[in-house]
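What follows is chain A paired twice: with chain B in the first complex and chain C in the second.
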Partner chain A sequence: MPDTDNLIKTVTPLPDPEAAKEALLKSYPTKVARKRTKHMVVNDPATLSAIQANARTIPGIITQRGCSYAGCKGVVLGPTRDIINITHGPIGCGYYSWLTRRNQTRTESDAEHNYIPYCFSTDMQEQEIVFGGEKKLEAAIQEAYDLFHPKAIAVFATCPVGLIGDDIHQVSKRMKEKLGINVFAFSCEGYRGVSQSAGHHIANNQLFKHVIGRGTTPVEGKFRINLLGEYNIGGDAFVLEDLFERCGITLVSTFSGNSTVDGFERAHMADLNCVMCHRSINYVADMIEKKYGIPWFKVNFIGANSSAKSLRRIAQYFENDELTARTEQVIAEENEKVAAAQSRIRPRCEGKTAMLFVGGSRAHHYQDLFKEIGMKTVAAGYEFAHRDDYEGRRVLPDIKVDADSRNIEEVTVEQDAELYNPRKSADEIAAYEAREFHFNDYDGMMPEMEEGTLSIDDISHHETERLIEMYRPAVFCAGIKEKYAVQKMGVPCKQLHSYDYGGPYAGFQGAINFYEDIDRMVNARAWAFIDPPWKTRTSPKLTASYGDQ
Partner chain B sequence: MLPVKEAGTTIAVATQNACKACMPLGACLAYRGVEGAVPFLHGPQGCATYMRRFLIGHFREPMDIACSSFSEETAIFGGSADIHTGLDNVAKAYHPAMIGIATTCLAETIGEDMGLMLHQHAEKNADKASPLVVAASTPSYSGTHADGFHAATCALVNALAETDAAQAGRADVVCFPNMVSPADLRYLKEVLADFGLCHVLLPDYSETLDRPIAGEYERIPKGGVPISAIRGAGAARASVTLGSAFRPGQHPGAALLAKCGVPSLSVGLPVGIRGSDLLFQQLEDLAGKPTPEKHAAERGRLIDTYVDAHKYLYGKRAVVYGEEDLVTGIASFLDEIGVVPVVCASGGRSGGMAEALSATVSMQRGDIQVLEDADFVEIGEAAEAAKADLLIGNSRGFGLSRRLDIPLIRVGMPVHDRIGAQRIQLLGYRGAQALCDRIANAVIARDQERSEPGYMTM
Partner chain C sequence: MLLRHTTADVTERTALTINPAKTCQPIGAMYAALGIHACLPHSHGSQGCCSYHRSTLTRHYKEPVMAGTSSFTEGSSVFGGQANLLQAIANIFDIYDPDVIAVHTTCLSETIGDDLVQIIAKAREEGSIPPGKMVIHTNTPSYAGSHVTGFSSMVKSMVGYFSEPSDIRSRTINIIPGWVEPSDMREIKRLVGLLGAESIMFPDTSDVLDAPQTGKHVFYPKGGVTMPALRRTGESAVTLALGPTASEAAAKALDVKCGVPCETMTLPIGLQATDRFIDAVRLHSGHGVPVAIEEERGRLIDIMTDMGQYLQGKRVALWGDPDQLVALSEFLVDLDMKPVYVVTGTPGKVFERRMERALQGRVPEAKVQQGATADMFLMHQWIKQEPVDLLIGNTYGKYIARDEDIPFVRHGFPILDRIGHSYFPTVGYTGAIRLLEKFLDVFLDRRDRDDPEERFELVM
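And then the complex of A and B:
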């Protein structure tokens, strides 16, 4: 058996990053290379360079990205269990997004609705494409109502719908009046925007306009927060819910892991918004703040250190001794288990390298987990994030709005005449800021990456292959579309969209799970067998003939 | 003929938990079976991403699908610029021998004139050695993934097959295998070779979607039917098409007959003894020799298995769902092993499934329900009403299997929740053997789990 250290042929020393970048661009046509080079940065924390992001993928270049329907219906609204989601369009779009994201949910009683196992589609046929599909949509909403009597119904448009001009918003409005339940629609046709990201924004807008703030039953609890941008993949939200409960924090709503429409409707009753995935949900945080006066800050519950830091920030925000004491106790309890796992696993992973190309926040957050077991991230990038997720929100004023972003509504928000209630006064906020405790901020991924590492936005299939050839990382993190190509190259691929059937990875217990899964992958025996013995052995016949001479 | 629940007469307006995917997906799969080809979607990138995810999850293999990445502007003004750029970039990055285009709903909705665009593209590139381009029209609002698969297969025939008898290595037979697993494709090639028939299998993704790990990655996988072989198909002595659920204009054997005059033979998807016998008879005639001993022996072993299994299986009631040809083939096989296919359901609606079933399933049992254009809600209701003991179909029936607490035997596509979908065998004596073992064992395992003493002899 080969030595575990050599299972994966890591390249040492690492290649020169500038040369690597050049190699990535080499086989592109000049025009493509000129565009792609702007999406690649050799990191230097001292002088942060600008990266191009959120730009249209070049036709014919195979991308990781999906469409805005996927971001809207799949990502943001998908994890909520008691809204019936109807896809308006031909069958494929709905079918492909049926139960494929591994977001979990847990009903609190048998009486509660859970529609996650269902996939409703108007399954448009040729006649609807030609003559319009509004009638069928209306009938489908009625049918869903008759069958299930849900609290709310959401309608999602796919590409052909926008083109044939069905007015899904009118239909929804009519049905809302008729049925007396909340019915709302999303114009999330896949051609809008350049990736899932457009769909997140569209989802945020409609949730804000049609759902948030409708609730009137008060929420009990001393320390009330919302968790934004947490989607309960592999059960992450359950871990976090448990942590909050043990600390004495009341979770009013999560957008949208393990969530209900009722939670959304009462989100304005929280006193703090904690933002996990900045990319997918920062719009809601901003809008809630403007309308209701709830401040937000960025948290990260991926990684044991980050989790502890985030819990402490929440405690600091509420400035309560009892909360602080309980939080510290929970952290101490959890850290004990974490330390034990680290000392077991760190020696088996130390010094190995990782690459992360995924999502809009995970490529950043998961670097912390690798650090905790001594692994270095040598290259990372997002699939659909914007410049602020790379370079921090300080670059927001410099981001150019192009045609692809311009067609997504910017909701104008005003203070609510009755419900606006700033949870912290301007002076209080200023006092926090003076202590380096920042609100409405996110520093982005790049400032935290080591010098000489690479940031690559919207990495293509071709670049992925070249990068792996040059660096031979011990593990490559991406999604299922990349997984098998990466593994054919002899490098394990960790799926960070669906966690490869594993998880949870959030919080302290999640960190331990992740260390164990990475250990299992990078030290798997299978990789050692790729080179067959006859490839390295000199032919016995040949040796014999040499001997004869 | 069996009574059929007709398309469109369903009570339900919406489709809940569909039992079909969309047309371009099938087309991309077919293109993957051509040597050196890259599938390309004309439409927005979301569709390509969803389809890649679906196929990759099923085969657990890389599957590149390029795309013209429609923007909102393209959606309004047309995608000719995007398709030129897209094709150029794919040609440059992949050096493919062929690019296979399938159209998405959006491209079809705006009425893209593919013929004209490809003509322009060819003119622009007249001076370069650019890859061959073949296109199929695949609007999902008028068909399922199976229809898309056949549409692309026909597009390949129509674009490439030539009558020119001077073709080197003239084939005896062209086999259109239908949408089956890589293992089944390999089996078909083995059978044809054992008969000594020089053959063309169209498409053939037996290697491209079940590849060895070598530590190096080839962007266009080895394998697939060579383009020259598709050209030569026009000079073959005959074609054999497996399956019968083809919509008008989508029968590949008929397309080859129309274009090149190659006689077209058809058998249903050969699952079980009778179906396989039909295929082997056709091959005996074409080869002019009896079935090779190896296969005759496999047939004998299969019957031995039927005998071993019949006590466990006789009278069991199964629900079969998936693509129409798959359902028809499996139902015919179930009939042989004494399992009643009480519900035969498909999301497709080519219209021929009931008739095909009538021909192969013995009618006297009477209570067989045929569902066309069905979704899993209808299938579930029918399954419950029929007191089914077993589900046979793809992974999307898992929820139903859990709810009814009956075993699911995974066949067809997608099989996303088990390893080895690419190696599930159905066809011929060997495939029926594997399937019979699996079904019998699923039934036995149930009985064993429920036996209180925990019998170890079943």
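And then the complex of A and C:
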């Protein structure tokens, strides 16, 4: 029998990171190597190097990146249950984004709208490509309205729409007037930008222009916040909703997990914006602050320590003794369970290594969870993040806007004549900042990574395989496209987009779930059975035995 | 309720597709290309297409699905994608060293009008295609046909690029298996082998999308039809095209190009379609049907006669691809079941005629529809009007199955939430036995769940 009780427990001496980086680039054509080297940094917290990010992917390199439509319709708008999202284009884009992102949502009763299990498409045909698709889009909006009477309809452009020149915004405007419900459109053609990231920005802009601030019904509650950049994959938002409720915090809206259009419309009534996934939603946070005077700061509810820290920051912001006391009580209750789980699981995972190549924030946040069970992240990178997500927002002034980003609208925002109300005065903000309590800030992933670890942006499949061969991590975190190639290499792959259909992983209970899942994964017996017993036998000597002895 | 907004009230729709029973062409081309040995599919368009197709195929197979993309930006959409594709071809051969790159277009590159023949010629001119290697292409405009059309077009392109006319006529039978699973392709090859015939199957995803765990990621798994085999298809005796929607175009092209006669058949799913397939191979190979195959058939009939009482009269709703639906419907009718609702998003009037034949006049109440608004929403509305006893189709059916509490057998593409389809065929007699087992399991499990205690049966 193979030794299945002692899998991959010790870390072999890690390779020299500079040599590893060289090895990743070695078999590339010179031009490709020259480009890719800028996307790879050997981390040194003392001297932060610049990393190339949000740049064009090299054709043919086998990237994991998706497109602007995926970022806009799939990521940001997808999780909202009561908007009818119509994909304007051929059938594929709507089909592939139909229920595949695990955005959970919960309604009180069947009387509430929930369109998440539905896919709506104009299923554009050759005729529309030639003669234009505006008429079909208009008819589709009408048919959606007649059938369902939704509160809002959103329209998403796919690649050909921009090329043939359909004016989806004009059609939406017309239908909004005709139907008396909110109808708005997103020019998120797949070719815009260099990745999903462009789609996030486009989604942010239109939500801000067409939805946020329309609500007039006041929001009750003493401590009102919005949670930005939380998409309720695997029920994460449910965990956080519960935590806030127990602390006495009122969640006005979440962008956009378990969310409703009503919540979005009243987002301007919150007194604080908490940003989870900086990459996908920081634009909304900035715009809301400018228009309505609501400050924002970065939170992180992945990892028990980070969750506690984030809850405390919210309590500090509101400066209320009762809130602070309740928050501390919740943290204490939760930490007791967390500590028990850690002491059970840490010895089984301690010293093992992890790699994370995913998303625009998860590759950073999930490092905290691994730390809590004694695992070390040896390499990490984002699929579509920008330099500020790696190096921190301090580099924002240095980021050159290239042609691919320039064509995404920068919305000009002004203070709202009636609704602008700075929740904290400039003096108050300054006082916070003096206490190292920062607003509008994100330090990024790289400053938190250990010396000698690797940051690799938009990692290619080739690099993924070489990296795994060199490091043999105990677990590799990525998405569905990498999952089975990594596993074929004998290394478990944890999906951090879909959580392998598990989770939730947010908050304290989420942390416990994650520890348990990682423990199960890295200590699973199956990995030890890959080589058949006759192949692992060292000498071909003849043996005989009776029965099964 | 998951699909709480679906009502029995059917209204005419002309523009809005809801819960489609099809997807777009390129994914079919990608799947077909994976059935060529050492081939890297390449998506000429925006990154999202490639990402979506790889993701969907990966979820269906739980296997690595590798493919390149031209990574269009706004610039390439304005100026054309030539520069991107040239770069991609050079990079792919340098980094991933395939034997073949199989390029398919997307709605973006089709709308722009990129000329792939010219771009590939330029790549060759520039020396980016190493000697002995091939770049092939097919046009897959997503705004026409469906995923099945894309599959069909890529298979046809294999003929166009590889099949060589020949003076020799071998006894080999070309088999175009249609869009079926690796397990089905393996089973068809096994049956043909038992019949003593030589065959070339293309595409062939067995040993590609069902690769074993060895601790090594074999980038190009051992399966797939090889380039030399594809070239030799031009000297074969005959081509059997299984499923007209997916396979006929290639078979006809091979006849035109190389004079290989072809016969288009129903996918060999179920009793009669398998009978016809076996008989055709028997005739073309000149060998008799071996006892082993007759015994397999006998076992199928045995189950049909023994367990028929649990199946007879059951009303079934099916959705998916034309070739599968026709074959399944014929089988259901042979089981005295009633395929009452049948929808496919894949457009084409011929489907309705083929369904009429499959139903053999035995299900006059059947509703059959094809095209854009023949979607799962419409089928669900029909079910709301008059329910069915069984659902057969891809994973998206689970929402209807749960809401309406209807037994559900997964079949077709994509199956995102179960395994088995890669490993256990539904073609041939043993495949039909597997289907029967699945039907009986869901019906009898339902009885075990619902029967009152006094009528709970030990033996069934």
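Brief remarks on what is shown
As a working rule, the second predicted complex is superposed on the first by the 527 of 549 C-alpha atoms of A that agree within 3 Å, B and C clash if a C-alpha of one lies under 4 Å from a C-alpha of the other, contacts with A are read in each partner's own complex, and residues count from 1 in each chain.
Following the convention adopted for this analysis, a contact is a pair of C-beta atoms (placed from the backbone, for glycine too) under 8 Å apart; a residue touches a chain by one contact, two chains touch by 3 or more.
Small disclaimer: the values here were computed from a predicted structure and weren't measured.
After superposition on chain A, the partners chain B and chain C are seen to clash.
When the two complexes are overlaid on their common chain A, residue A:68 makes contact with chain B and with chain C alike. Once chain A of one complex is fitted onto chain A of the other, the partner contacts of A:148 are limited to chain C, with no touch recorded for chain B.
Shared-chain residue A:421: touches no atom of chain B or chain C. In the superposition on chain A, A:170 contacts neither chain B nor chain C.
Once the two complexes are overlaid on the shared chain, A:49 sits clear of chain B and of chain C alike. Look at A:329: by the touch rule set out above, it reaches neither chain B nor chain C. When the shared chain is aligned, chain C comes close enough to touch A:114, but chain B does not.
Within chain A, the residues touching chain B in one complex and chain C in the other are 27-29, 32, 56-70, 86, 89-98, 100, 117-126, 128-129, 136, 139-140, 142-144, 158-160, 162-164, 189-192, 194, 403-404, 407, 461-462, 465, 479-481, 483-485, 487-490, 530-531.
Chain contact summary for the complex, chain C toward chain A: residues 1-5, 11, 13-20, 22-27, 42, 45-49, 51-56, 58-59, 62-77, 84-85, 87-92, 94-96, 106-108, 111-112, 141-144, 146, 211, 213-218, 345, 372, 377, 396, 399, 416.
For chain A in complex with chain B, the touching residues are 27-29, 32, 56-70, 86, 89-98, 100, 117-126, 128-129, 136, 139-140, 142-144, 158-160, 162-164, 189-192, 194, 403-404, 407, 461-462, 465, 479-481, 483-485, 487-490, 530-531.
The touching residues of chain A, counted against chain C in their complex, run 27-29, 32, 56-70, 86, 89-100, 110, 113-115, 117-126, 128-129, 136-140, 142-144, 146-148, 158-160, 162-164, 189-195, 403-404, 407, 461-462, 465, 479-481, 483-490, 530-531.
Residue ranges of chain B in contact with chain A, taken from their complex: 12-18, 20-25, 40, 43-47, 49-54, 56-57, 60-62, 64-75, 82-83, 85-90, 92-93, 104-106, 109-110, 139-142, 144, 211, 213-217, 219, 396, 399.
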